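Chains here go by letter, A, B, C, D and E, matching the order in which they are written, and residues are numbered from 1 within each.
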Amino acid sequence: MPESNRGFSAYFRRDLLLAYRRRGEVASPIIFFVMVATLIPLGITPEADSLKELAPGTIWVMALLATLLSAEGLFVSDYKDGSLEQLLISPNMLVMPIFGKVTAHWITTGLPLTLASPLIGLMLSLPSVAYLPMMAGLALGTGCLSFLAAIGAALTVSLQKGSLLLTLIVMPLYMPIIIFGSAVMQYSIDGMAWSGPLAILGAMLAVAIALCPLAIAAVLRLITIN
Amino acid sequence: MVNSSLLTVNDLRFERDDIPVINGACLTLNVGEILQIEGPNGSGKTTLLRILTTALQPSGGEILYRGQILSECRFDYLSNILFLGHQSALKLTLTAEENLSWTTSELPGSVSIMEALEQVGLRGYSDVPCHKLSEGQQRRVALARLLVTNAEVWFLDEPFSALDKQGVQFVEQCMERHIKGGGAVMLTTHQPIGMEPVRRYSLVGSSVGGGF
Amino acid sequence: MNWTWFYRMGSPLWFYQSTSRWLPLLSLVTLVLLVAGLAWGLGFAPEDAKQGNSFRIIYLHVPASFLALAGYFLMATAGAIGLIWKMKLSYIVMKCAAPIGAALTFLALFTGAVWGKPTWGSYWVWDARITSMLILLFLYFGVLALQYAFHNQEAGNKASAVLALVGTVNIPIIYKSVDWWFTLHQPSTIKLTSAPSMHPDMFQPLLVMILAFYFFYALALILAVRVEILKRESKTTWVRELVEQASRQKIGAK
Amino acid sequence: MPESNRGFSAYFRRDLLLAYRRRGEVASPIIFFVMVATLIPLGITPEADSLKELAPGTIWVMALLATLLSAEGLFVSDYKDGSLEQLLISPNMLVMPIFGKVTAHWITTGLPLTLASPLIGLMLSLPSVAYLPMMAGLALGTGCLSFLAAIGAALTVSLQKGSLLLTLIVMPLYMPIIIFGSAVMQYSIDGMAWSGPLAILGAMLAVAIALCPLAIAAVLRLITIN
Amino acid sequence: MVNSSLLTVNDLRFERDDIPVINGACLTLNVGEILQIEGPNGSGKTTLLRILTTALQPSGGEILYRGQILSECRFDYLSNILFLGHQSALKLTLTAEENLSWTTSELPGSVSIMEALEQVGLRGYSDVPCHKLSEGQQRRVALARLLVTNAEVWFLDEPFSALDKQGVQFVEQCMERHIKGGGAVMLTTHQPIGMEPVRRYSLVGSSVGGGF
């Protein structure tokens, strides 16, 4: 257990450090989301009433795109510089480092989005009652998104292709999450109990945590064969 | 069955898209030995090393580690090898020290990271991001892994590339120290090696070209 | 238990030879069913009271929708068998099922859209079932794209098998969630499921067409698999012999 | 002129070929946009009336994100593998190859989006009167977007940072385009003459074509200095 | 002023973040000459070549091309040089042939792409994506540029790395032919060069390390 735990924390810390070096500032994901949120009133409508209706969906679509597009690099750079090969031939279990990497990915995309979401809600005139469910839903849902994107990233790692293929693969799997995620917010806005869809998101996350690292490990072993 | 042969390879074959790359290689690696894999460009040296480090699946043949079939002692085997490839597995945005910190084993016999960096001639560079290092300096960071781990079998793919003369000598000294301590080294290089004793194994590539 | 039959089934040669025997009969049955179903449905079934003749598109639409979904499960099952038992043939089946399934899904969407214009006044609405059908098409595209992205046959097979499996887990989730999402926002104004118990005169030709599509699917799949087998085994002796035999027959015919 | 023209066409063809190899199929950008468009009804609302109002803004936000996120790689891969250095030390004018590269970028993002937009319009229940202005506006506007994104890509090429910095730099420049772009569509839906905002988009594109390659060339020379 | 010296460098200086990397280098390169830049890892060899190819701006000193200050004959100079760096400027998703097709000049004296690929021993590999080539084969694709262009001055940064013995010989022959035809070569390498006459210029690095 301590050995496998080392695999988790080593790769968790490493990927966080890399993200930190790449982005320079930890705040930039938040700035990114805020900027995109600024576009919505500009491009669609500045009226608070209409914005309010758009808010749940918009926030979730942004979460989805952010996870998807940043997931492309999850294994590719490791594949290109030989780190992935080192990982594959290390005696430790593959699952823990993968879990560490995906968690780090969530910390650099899903978590900042969750934290920034009240600000975006404010900009999109989201009713105050929806803030808590929004954050809870995002926290759980973006976790699922990260794990699913990681499967896609593993499947495409050895193909010198861009993010389009990844999108093609992962997007259909994302659809349920976006539906339940925005439902959590919509329910709370409509004054209904929002624990139902939230529980489903939680259940999906639990399943993803249990199965996805295994699937990713299998895929990486199966696919990097030349 | 006690055997001084660490690694025995019998009739190893490997195909890519149905084109044979390695065609029945047979070789042994003994304790205290340096084995140099020879062959022209594209003859399959890197492929061979990657098969022996289990990164690639052979299409046929068997690999024995201390007389046992590899798949039966996989964990044991992988805990005892070290592979250094063409690609250095360095993260260019991280510093030399950070790059090494993921591979260190805190076992006795291995050296601390700072000490290792000093030995490879990078004193004062430990906190410089690797993309600010010269080609040879990056290579030295990768080679510092030889010092901070204590694997038994080293697989080195062109370890001398980009190194200056002292660098080459240093790696040779490392290898010598390693085999004296009961390890073994399998390496590929196109440069002449300035040390003895080195046993050679020639891969005759099935390469299409060879027009030089 | 004797498993040899199982492994024999995995052999491309066995598949090729045994299907050679059944192929003529299968083609005949498919043709008869298709012609009969189409003639009955398009020519003799009564006109719909409300929709007039446009309803006749149902005889393509519903069978295509059925087979699109069934085809996905077949593809995923074949992929799973390939991953578990490392059977060459099942990978081939998986690979061939993908384009056929995608084409049928597209046909279902297309006929639905064409049908939607006269009945609902627009080509597209975000109905639960229609949306999940669209997502199914995306799933097919994903498997297809992944399969063709790999230059290495083996890696491509394994990757798309994994994706097909992950997709299978998701199909019920997608279906449920989309269903649920639709009913959340909008009372069901149009419901496909409560097809007002169709008149038998309309329903019987539909059954024939569904059956015909099943046969058609099987036929298309078998033909595609045979072509793929010949392509992959082109270097083996039995394929060479086959080619020689065929060319000899051609010469003989002349 | 033939020399400089060679610079254009060589890099134009090269980048198209690279994109083609990376993506495998030419159709996938269109599939990508259709997929993202599917998210909107799923996340926001499936009702045709609401969708209709969202359509202009949504299509433009998608265009913007697609251009932005794919622009990151415009010079980075050339920088990393040494091709950019070779370009900088070639005797020919730098402007033509850059123009070629940006045009290729537009062909692989802006053009597919323009071509796919009727399909997306259909899915979002866009009134049929808006189709022509939408396509005209997108064709001109995505051109501007590509050129602006290229400036950002040049500015960030030597920094080992991700796309976030690029977003921060370029997003403010994008705002006018998204405003006029969605105005073209909105005007046509409201039955007003939409040639005004379209003309402004055209003028912006003309300025961008004239100035951006020069700016990019200057930036690349200034920035890649160690 | 007619001068057999193609390139004259006077008191060249270069600093990175206020740390001097090159400290007053003075050298000349004459027609028909091979000049090898020597120095340990990190001593500034690559930096020097990149300054001379105008990829980097020197902090001080002057560079003369045929007696003219470089900035006054920039176009002329750049039309006549070829630089081959550590990084091979290859696009891995493109084939060997495609990679070369952007750099060909259709001037007389240069060879066709297919012929060049054959000469570097890659016959039959012209339509294989470069990521499917071995390290040395990729290097050979990059080296084929020497054949398809007809520059006067070659700047080669470690041209021998990853090449097998025949590969090294081939590059040496290329250089010999090139200088016989009135060209000049400036190269860096840590490997001994098997040909004469080679003039050497030593860069004594201001590098912090050197602990080897």
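Things worth noting here:
Going forward, a residue touches a chain if its C-beta (ideal position, glycine included) is under 8 Å from a C-beta of that chain, and two chains touch if they have at least 3 such contacts.
Since we're looking at a predicted model, the values are computed, not measured.
Each step here moves to a touching chain, and the least such steps from chain A to chain E number 1.
Comparing the centres of all chains, each the average of its CA atoms, the largest separation from chain B belongs to C. Greatest centre-to-centre distance from chain E is found for C, with centres as Cα means. Across A-B and A-C, the chain pair carrying more C-beta contacts is A-C. Work out the mean CA point of chain A and of chain C, and you get 33 Å between them. Distance between chain centres (mean CA atoms), chain D to chain E: 37 Å. For the pair chain B and chain E, the distance between C-alpha centroids works out to 29 Å.
Averaged Cα coordinates give chain C a centre that lies 58 Å from the centre of chain E. For chain B, residues that reach two or more other chains under the stated contact definition are 16, 86, 92-93, 129. Annotation for chain C: residues touching 2 or more other chains are 135, 138, 141, 145, 149, 151-152, 178, 181.
Chain contacts: chain A has residues 21-22, 160-161, 165, 168, 171-172, 175, 179, 225-226 touching two or more partner chains. Only residues 151-153, 235 of chain C touch chain B when the two sit together in their complex.
Those residues of chain C that touch chain D in the complex are listed here as 122-127, 131, 134-135, 138, 141, 145, 148-149, 178, 181-182, 185-186.
Within the complex formed with chain E, the chain D residues making contact are 10-11, 14, 17-18, 21-22, 77, 80-83, 85-86, 88-91, 224-226. Residues 160 of chain A are the ones touching chain E in the complex.
Within the complex, the chain B residues that touch chain A are 16, 50, 53-57, 74-76, 78-79, 81, 83, 85-94, 98, 102-103, 129.
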